[in-house]
Amino acid sequence: MSFGDAFFGISWLDIIIRTLIVVIAMTVVVIYLTYGERKVVARFQMRLGPTRTGPAGLLQGVADALKLVVKEDLRPRNADRWVFEFAPYATFVPVFLVLLTLPFAENWGVRNLALGMFFVFAVLGLNIVGVLMAGFGSGNKYALLGGVRAAAQMISYEIPLVVALLTVAMLAGTLDLNLIASLQGDRPFILVQPLAFVIFFIALLSELHRAPFDIPVAESEIVGGYFVEYSGIRWSMFQLAEYAALWGFSIFGSVIFLGGWNFPFGSEVGVGLQLALTLIKSTLMILLIFWVRATMPRLRMDQLMSFCWKVLIEISFVLLLITGFFLYYNWPQEILALVNWGGALLLLTVIFIRTRRKSEAEDLVGTYKNIEVTE
Amino acid sequence: MIPLENYLVLSGILFSLGVYGVLSRRNAVLVLMSVELMLNAVSINFIAFSAYLDVTQITGVIFAIFVVAVAAAEIGLALAIVLRIFRNRSSINIDEAAELKW
Amino acid sequence: MITEILWWFFAIAIVGTAAGVVFSRSVVHAAIFLILSLAGVGGLYIFLTVEFVALVQFLIYGGAVTVLILLALMMTRLDATGAPDKLTGPQAPFGALVGITLLLTLVGVSLATAWPGDVDDLPTNITIEQIGDVMFTSYGAPFIIASALLLVAFIGAIVFAKQEDEV
């Protein structure tokens, strides 16, 4: 059903049915994303991943969910009761609100907002409050520290995320997600603004607390970060929020940069093919995120923050200026695309060089020479 | 549907709650939170007037956007000052921070 | 009908959580009540058909100001072993007096004035194109001054909060 007509013609029933469809889809996708991540990361590490539960391990996600549901619900005595109990919901609700505004096919979705992209930015900010509440409400110094670091990371990386998406909004001339997807009929925005995609991708990894920026949630860091005191269903709400955010933002990224339901075939084909296209593109982005997780080592907190404030913010503002100039003077878009590709390659080269700086120390491992730390 | 006076009364209540908070709370951060309440009450007022009485030249809406920007700047700077005071005195009780130098 | 019920729900939520900010006995609860109150005000802006300002409210107050307040509260707490400070000072009754006087004055003036125009009607739709048009043509100078102000506040906050130990 498109946005225009309602199920059964009753508007409140229509909203409930659409929301239920999104809830069911989200639950199924999240369960299979946990399984899929373990399989993909395992294959990168030359092992098999879960294979025993069900055929080829397909019921692993269901088994995990069942285990979490029957666990005991602990609450530490020092915990601030209301803050502790509301924090998982405060983290989950913004993610769900993002899922409600995404277009899954042309005019298909729960509701299409004229300010769709800006709505996504606004509720991203509300996620941060949930993380701080979780860190504070646990009554545990390490959870508080993990929560404060996670909040600082999310706040810092929100700036390049917003500015990179604003350049695309300037090109498209609109903030409406459905309209942005329908403008990419002949050329997806990743071909015109690849630097914006690279910045968006890196900032997205940090907003979702994925590797290589997952210091707050890594198990070998401060005792598991800001959700160390949560167990059972409450912990599963945090995981649900994380994987639902992963899925939702992959669809968001594919709508904005890869053309969503529109790119190769346009809008004359039926809804089924458009849904399949959205699925394929968002799966591509999810696989890219898993690939980066399996490949790159974790950044330290100060490296993370200095990368944001010293590299990403400057590049994103320069990109905003350049896009502004191109749009104001009406220069052709091909030159903008060239500048962007050059910028994207430059950024990736800089990142590549900086991650290989310690190789001379590695060559000396196993010999008896002194290894000088040249940092 | 909803008369204009509803919005004005609501913003009046919010403003007086903010004034009570500024005058009677002792923690500096709580005083700043009450100032935020007052600024929001004023913004509701501006936007309500602009939506009901002045739709062609929406001065009130522009004013409310600037109020949000200025409030964000002000609270950033004020919290930095509060952190400094805390570092010097280990307490942010504004009743005690009443002298310039001790 | 449903619009009015929703409006009253939002209004009561805003006043209730604002009272929670001002009367609560724990600072972190007061901060959570503040974000709920500001989110309620944002919801109210949607009734006034300015969705853009509502989203700006969520983004800035919810995403930035509340996080700043919570971080400042967490960094300025004394140890959990000390007895919590009383948060309301001894001049609270005078504050209440001033507050009640102000409330009666404001409410009295709002209800007694005869507002011009069709004040019982639904407000007409204000679009983001209109806001952008007015802001960048008539109010361009305040816009640039506001951005300079934000830059100054940004640099000032960094200078103030920097730690000066030269270890």
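Think of it as A, B and C in the order they're written, each chain with its own count starting at 1.
As a working rule, contacts are C-beta pairs under 8 Å (C-beta built on N, C-alpha and C of every residue); 3 or more make two chains touch, one makes a residue touch a chain.
Everything numeric in this text was worked out from a predicted model, so none of it was measured.
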| item | value |
| --- | --- |
| Most heavily contacting chain pair (counted by C-beta pairs in contact) | B-C |
| Farthest chain (mean CA position) relative to chain B | A |
| Chain A-chain B separation of Cα centroids, rounded to whole Å | 34 |
| Centroid spacing, where centroids are CA-atom means, of chain B and chain C in whole angstrom | 6 |
| Whole-Å gap between the CA centroids of chain A and chain C | 29 |
| Chain B: positions in contact with at least two other chains | none |
| Interface hub residues of chain A, defined as touching at least two other chains | none |
| Numbers and ranges of chain C residues touching at least 2 other chains | 56, 60, 64 |
| Complex interface listing, chain C residues touching chain A | 26, 28-29, 32, 35, 39, 51-52, 55-56, 58-60, 62-64, 66-67, 70-71, 74, 80, 128 |
| Sites on chain C touched by chain B in the complex | 3-4, 7, 11, 14-15, 18-19, 21-22, 27, 30-31, 34, 37-38, 41, 44-45, 47-50, 53, 56-57, 60-61, 64-65, 68-69, 72-73, 75-76, 78, 85-89, 91-92, 94-96, 98-100, 102-103, 106-107, 110-111, 115-124, 126, 130-131, 134-135, 138-139, 142, 146, 149-150, 152-154, 156-158, 160-161 |
| In the complex, chain B residues that touch chain C | 1-27, 29-30, 32-34, 36-37, 40, 43-44, 47-48, 50-53, 55, 57-59, 61-62, 64-66, 68-77, 79-84, 86, 90-93, 95 |
| Parts of chain A lying in touch with chain C, wherever the complex brings them together | 78, 80, 82-83, 86, 113-115, 118-119, 121-126, 128-129, 132-133, 136, 144, 148, 151-152, 155, 158, 175 |
